[in-house]
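There are structures below to look over.
In the two complexes below, chain A is the common chain; its partner is chain B in one and chain C in the other.
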Partner chain A sequence: MSISRRGLMAATAAAAGMGPTLMRVEDALAQGIQPRRGGTLTTILQPEPPVLQIGVNNQGPTLIAAGKIFQGLVKFSPTLEPLPELAESWTISPDALTYTFKLRNNVKFHDGTPMTADDVIFSIMKFHMEVAPRARAIFQRIDKAEAPDPHTVVLTLKAPFEPFLLMFDVTACAIVPKHLFDGQDYRTAPAVQRPIGTGPFRFAEWQRGNFIRLERFADYWKPGQPYLDAIIYRIVPDSQSRRLALETGQVLMTAAGDIEPFDTPALRARPNLEVLTTGWEYFSPLSWIETNHRVAPLGDVRVRQAISRAIDRNFIAQRLWFNIGKPATNPVASTTKFHDPSARIAGFDPRAAMQLLDAAGLRPNAQGVRATIKHLVLPYGEVWTRLAEYLRQSLRQVGIQLELESTDAGSWARRIGAWEYETSINFVYQFGDPTLGVERTYVSSNIQRVTFTNTGGYSNPRVDQLFAAARDGQTAEQRRVAFSEVQKILVEEVPQIWLMEMAFPTIHDKRVQNAVRLGTGVHASYDDVFLTA
Partner chain B sequence: MDPAKLPGFLAQRLVKAAIVVLAIVVCNFFLIHAAPGDPASVIAGQSGAADERFLQQLRTQFGLDQPLHVQLWIYVKGVLTLDLGFSHRQQMPVSTLIMDRLPATLLLTGAAFAFAITLGITLGTLAARRVGTWADSVITVLALTFYATPLFWVGLMLVLFFSVWLEWLPSFGMMSVGANLAGLALVLDVAKHLLLPALTLGLFYMAVYARLTRATMLEVADQDFVKTARAKGVPEGQVVRRHVLRNALLPVITFAGIQAGQLIGGSILVETVFAWPGIGRLAFEALLARDYPVLMGVFFATSVMVVLFNLLTDLLYAVVDPRVEVA
Partner chain C sequence: MAFLKSFARNKGAVVGVVVLALVFVVAALADVIFPGTPWDMVAAPFMPPGEMDMLLGSDSLGRDVAAGIAHGARISLLVGAVSTVVALALGVSLGALAGYVGGVVDDLVMRFTEFFQTIPSFVLAILLVAIFTPTISSVVFAIAVVSWPPVARVVRAEFLSLRSREFVQAAEVLGKSRLSIVVGDILPNALSPIIVLSSLMVANAILLESALSFLGLGDPNLMTWGFLIGSGRSVIRLAWWMSVFPGVAIFLTVLALNLVGEGLSDALNPRLAGRRT
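Take a look at the complex of A and B:
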């Protein structure tokens, strides 16, 4: 990134302090809709989160609900441009080492205490550093964190780190009140039970197994906002009951994995409902067949290529996911930065798959079976079971017998983490940048007995080198070169067999406005969401 | 029953019960820890990112870094002082979590129980008295249908009919959230939400009681003392109530005792389908999350219930049939 461009970015960021809000109201007015104060948004949260303190718990449902209570310094557009949130502007020094955030000066926590640079520095350097593994890995690169005045935070990095800003979304680094955590065990402090943030909604009530209620925060820093009086998250464990709740109007919105993909066509057909699949660009989950390279014959690149060519990703996207998400083309999702469209995995071709298996020395026996491989079914709902059945069928076509094993979420996580599997399905968030969300699956330094590391055990020194170069690259252009080369190597070696760039349907009653505006979708603060009469 | 024997009987049974419950606690402990995975790996799996230090921190916080026998000793010591432990996952004492969810479950299962017993015995009696007529056939067919139909299907059909088509009743939840109801309005609101799940849960047991009552009443009605009662001119209503039904009730009580023991744990499916915030779901979710203290706490509460209702059933036998002695 050139200096002038960086300066420009800072300037536009400052201007954008008003920009997005104005644009939104204009959009609404263009459609003849005036934001309306009042009303309660009833929606669903599933599974029920254990606590609502971001950092202490970072599960999807926690981030969705607590994203209304807490805020980050910045937020991200669908194209992953940073937009001001608690920081009204920021500048990056020419050597890319110093980040200066100018904080808004009228921000209050829900207990009435003003938010200052102290809280921000505490959140970054102490709180998330201690409790959140993902933040810890990145924030260790910070050399100094200083507050020259109560509304300015200056972070100095040990070395340039281009994707740094992506770590300041609320889902990665929520700003927490220092005075409620400092000096205590952050995981057991009373504030974990009654979360206090700066967001447009404050925590009001939680009847476990029943509902969570968030109330409008009257002292919110945007005058006149939020528009809603309250947001109620109902806990509904059965997917068919969730669909019914939406159909009968008992809830106005569902999100994430609430509705099974195969239920969406019927809901699309209902005139009062809107089905959106946007709002996952920041996360861009990518799914793949997780292969354990230590188990023969999966260590053989030809066998992985064969499996990859034996599956029809279009079928999976159209018939199993009903076009929610799209076929993966390489390890970096097309909505993640530095995706190289020219690096593509070889297409569906069972004949080629069989030739590859022949070449690998796997000949069919009398029953036509070349190899028997175990497959741990991902226990996250009906659609994953259907996927496993489809895989079994299509692999059988080329002579690979897939033996399905069922399990529950606890056993799945442990067995993947302990490398006790042959194949399974896995999907991980990419967090906008391959350094943040892709690298971890392929570099040999991250081969760990922990879920969501390089559990497959793939190792290629050139790939390690390229990911390191991309990580430390000072400019976006340097990084792009390294990422392009690594994508070209990975599509040849298929260390994991990518399936889908996933998305999740946000389905809402047409009275709900602005449900998805950002690259983080339903995780956004919802200060601009309103209900038309 | 000899009232003088009662205190001794009770004391003896309670001591036995305590030993049984303690044995169950120890068995549960080992069973639960035998399941693969632990709370730390579950949380790591759900968070989408983890490192060794994170797992280690969680295991230390949850006390999982201690040897198993030490963990067992800590737990048993706690249970003996009625301290069910702390859910580190949810940052709450287990007893609070259970007490929060217990009323919802007791309301649901209690309503289902009352419905099943009353309607079951009434229908069974009616069928037995009109044996061979169309009324008997209708009741028998109904009872057989509900006996053979899976719970979740009944639930789904009830929801389709009453919530989706007729739009009379809500399809899930325990009350209208955010409506700020109080007094009679609140009671009515909860009753509306309660109707479908209680019906779903109760229909199976209703069928069981109806079939059981009908069968035993027909058996008793043929016995000599009933003929004698009729011969000496006791009015028919009294014969049915005092002589037939009372003697026919023993197997029903046995079965009711078993059902009552399941009042806490027996409604996971219905609680899930109807999003009822009860204890069955608490246990199920604790199992999936490997939240050991919560799961053991629910098991403990359930086993205490079973033991208590067994004791109550034995006492009831003696009340209904004086020939049965407590011993």
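Take a look at the complex of A and C:
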């Protein structure tokens, strides 16, 4: 069995570094910092997750905290190259159908049971297949899963699927202990309340509404690691209290949406704090103005182009998000694979926007209004309300009157799913590959009455064809060609009006080392994080 | 004339009238002083008061806080007035019915009123606005629904005491219809407590509307004082002026309405006026 180019590359990465442990210690040594054992990392988690079992719940806070308890077969660098985690190496057959993972042989679950190929196959074929819709969609492509020996897993696909490995990060497919779930209802098994994984930290205590404490797992498979004794996630519902906790040193780190964008400049100025916006490459959330093509005049491509040209994305990035994140240039975020930098949406130009509206037959009336469009404000916090107000003012400049409607989070999701909206704001994770996170918004086969599908109702047979070609393409090059063409079509037709490549600030005390090293940032296992004195 | 004289005797009431007049002038001239909409982003964000021609500073999108307050005065006064009128219409008719007819009708109407009085009014208002989605009419409706019960009780009490007076009996003997007795004879004599109450209701309605907007339950298309404070709350450490000035505007208006209410009460009940001081 020979090794394909991609498999070879991954295998070399695994062999050359002998695992990331050594690379990291060397990096630290190069900076003159010796990893130090001991200490507790106090940080924040918000909103409070319902459970810490990945798969049963896949919301952001769950993934961040449970990413310390569980691990995946692989993990991803900021450029989305797979790195070994529970699999020490892997090979891909030349026909791109067979993936062979070689598991580490010294991995134990927190209850002392060794982790074997059985657990891995159970996690993929039973657990996540049953509880996680996103995993199910991909894992259904697996024809058979076999374990020739206790530390080897062979997965055979029905058809080649190039982004397959991206599904083995802990956030997509955490390895769970078979003996605690098999034969039970996975959602109600006792292990869901007391999660048992292979990660460097084990679940210790949870006082609802107050804190979650994870403690060091002494039998972790990397000798001498993790460095920290414990991680405490405090639940702090108010954003100003979170900022205060960080400023007074009550917590050493905040992540995700903990700190409002407008608070970051002040925190950046503090000498003891470090503000990072990296560590979201694997997720690469992209925000856009969600348009319902069934509502006139939004079905007219010229109207969507006009709206897109009436918006100053630099203003949004600078004034609303204080440069956390950057203006979007096309439907694929620049940190996602196969982003084509040459496909760019037309820039800010209100005059061109008005010409487009004229061409679409929308003439201004006596009040200068060409069309009135409703806008469902995204109820995820204040900055989204400000964004809606900004959009209303900018669109008014070109003669489109945006009428804002307020709603709550539940109704927002229901109305988007039921197509009961004209415009709104939406953002979704891209999961590293357009097939995994972009395709769903634009292909006509995914026009469903379900949130985060092609709810806008955009349909273009050529786009469908290209996404299918990219999905089934055997080599990265074949896929790149298809993705480039589809990006060029989409920036012309603007089915959704992309706004921002979003990022979230990770702010930590400078004593915290290695807070963000991977493309998944604070979702990583943190076995290499330590505190300097 | 006598009324004005006795009203003017209360210095606080006069101050209240002056402040209120000022608010009316600002609201009326909002389009002249600050042309265009208050949502326009006219300056750099977070400009402190006095810089870049921003009298009261600019907010997080560079909108003029002073323009927001001037245009917001319209909405606040409008909501205050309209919701009070609606609440008065409801409260007066139910109170008059209960007080004049009496008996089972009185019992039914009063139990209905008590039902509303046992529910915390602000919670009920939030619930109503949330159910009917926040628009200016649902906000007015919600405020009216939570503020009519006190009116009904006061009007009922007045009617109970007035309906047995001789002039009412005389009217009945004259063969006047019930409706014309209620509207033409009793109501004018019950007017003074209603007038005093309504000035306080306007103040209360302005506060309620501000509280709703503060919580993000205001009409998202209208600039109101509560919205200004709500949007400034989270950045108060960065831009205090965003919440302080609209807060001062609410404080002054509500205070003025209360002072006017007290002055009216004194002027309409001259016998009570002396006792307080």
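In the analysis below, the second predicted complex is superposed on the first by the 520 of 533 C-alpha atoms of A that agree within 3 Å, B and C clash if a C-alpha of one lies under 4 Å from a C-alpha of the other, contacts with A are read in each partner's own complex, and residues count from 1 in each chain.
One rule holds in what follows: a contact is a pair of C-beta atoms (placed from the backbone, for glycine too) under 8 Å apart; a residue touches a chain by one contact, two chains touch by 3 or more.
Just so you know, these numbers come straight off a predicted model, no measurement behind them.
Applying the stated contact rule after C-alpha superposition, one finds that A:Tyr390 touches chain C and leaves chain B untouched.
Applying the stated contact rule after C-alpha superposition, one finds that A:Asp358 touches neither chain B nor chain C. Counted by residues of chain A touched, the larger count belongs to B, out of chain B and chain C. By the touch criterion defined above, A:Asp408 reaches both chain B and chain C.
Judged by the touch definition given at the top, the superposed model places A:Gln240 against both chain B and chain C. With both structures placed on the common chain, the touch criterion links A:Arg319 to chain C but leaves chain B unconnected. Judged by the touch definition given at the top, the superposed model places A:Phe262 against chain C, while chain B stays out of reach. In the superposed pair of complexes, A:Val377 makes contact with chain C only, with no contact to chain B. The intersection of chain A residues touching chain B with those touching chain C, taken from the two complexes, comprises 240, 408.
Residues 239-240, 260, 262-263, 266, 319-320, 377, 382, 385-386, 388-390, 392-393, 396, 403-408 of chain A are the ones that touch chain C when the two sit in their complex.
The touching residues of chain B, when paired with chain A in their complex, are 35-38, 41-55, 61, 89-92, 97, 100-101, 104, 156, 159, 163-164, 167, 170-174, 177-178, 272-275, 277-278, 281-282, 285, 287-290.
Interface residues of chain A, counted against chain B in their complex, comprise 40, 42, 47-48, 50-51, 57-60, 133-134, 136-137, 187-188, 192-193, 207-211, 213, 230, 232, 234-238, 240-241, 244-245, 247-248, 250, 408-417, 428-429, 440, 448, 450-453. Contact residues of chain C toward chain A in the complex are 37, 39-41, 45, 60-62, 130, 133-134, 216-217, 220-221, 231, 234-235, 237-238.
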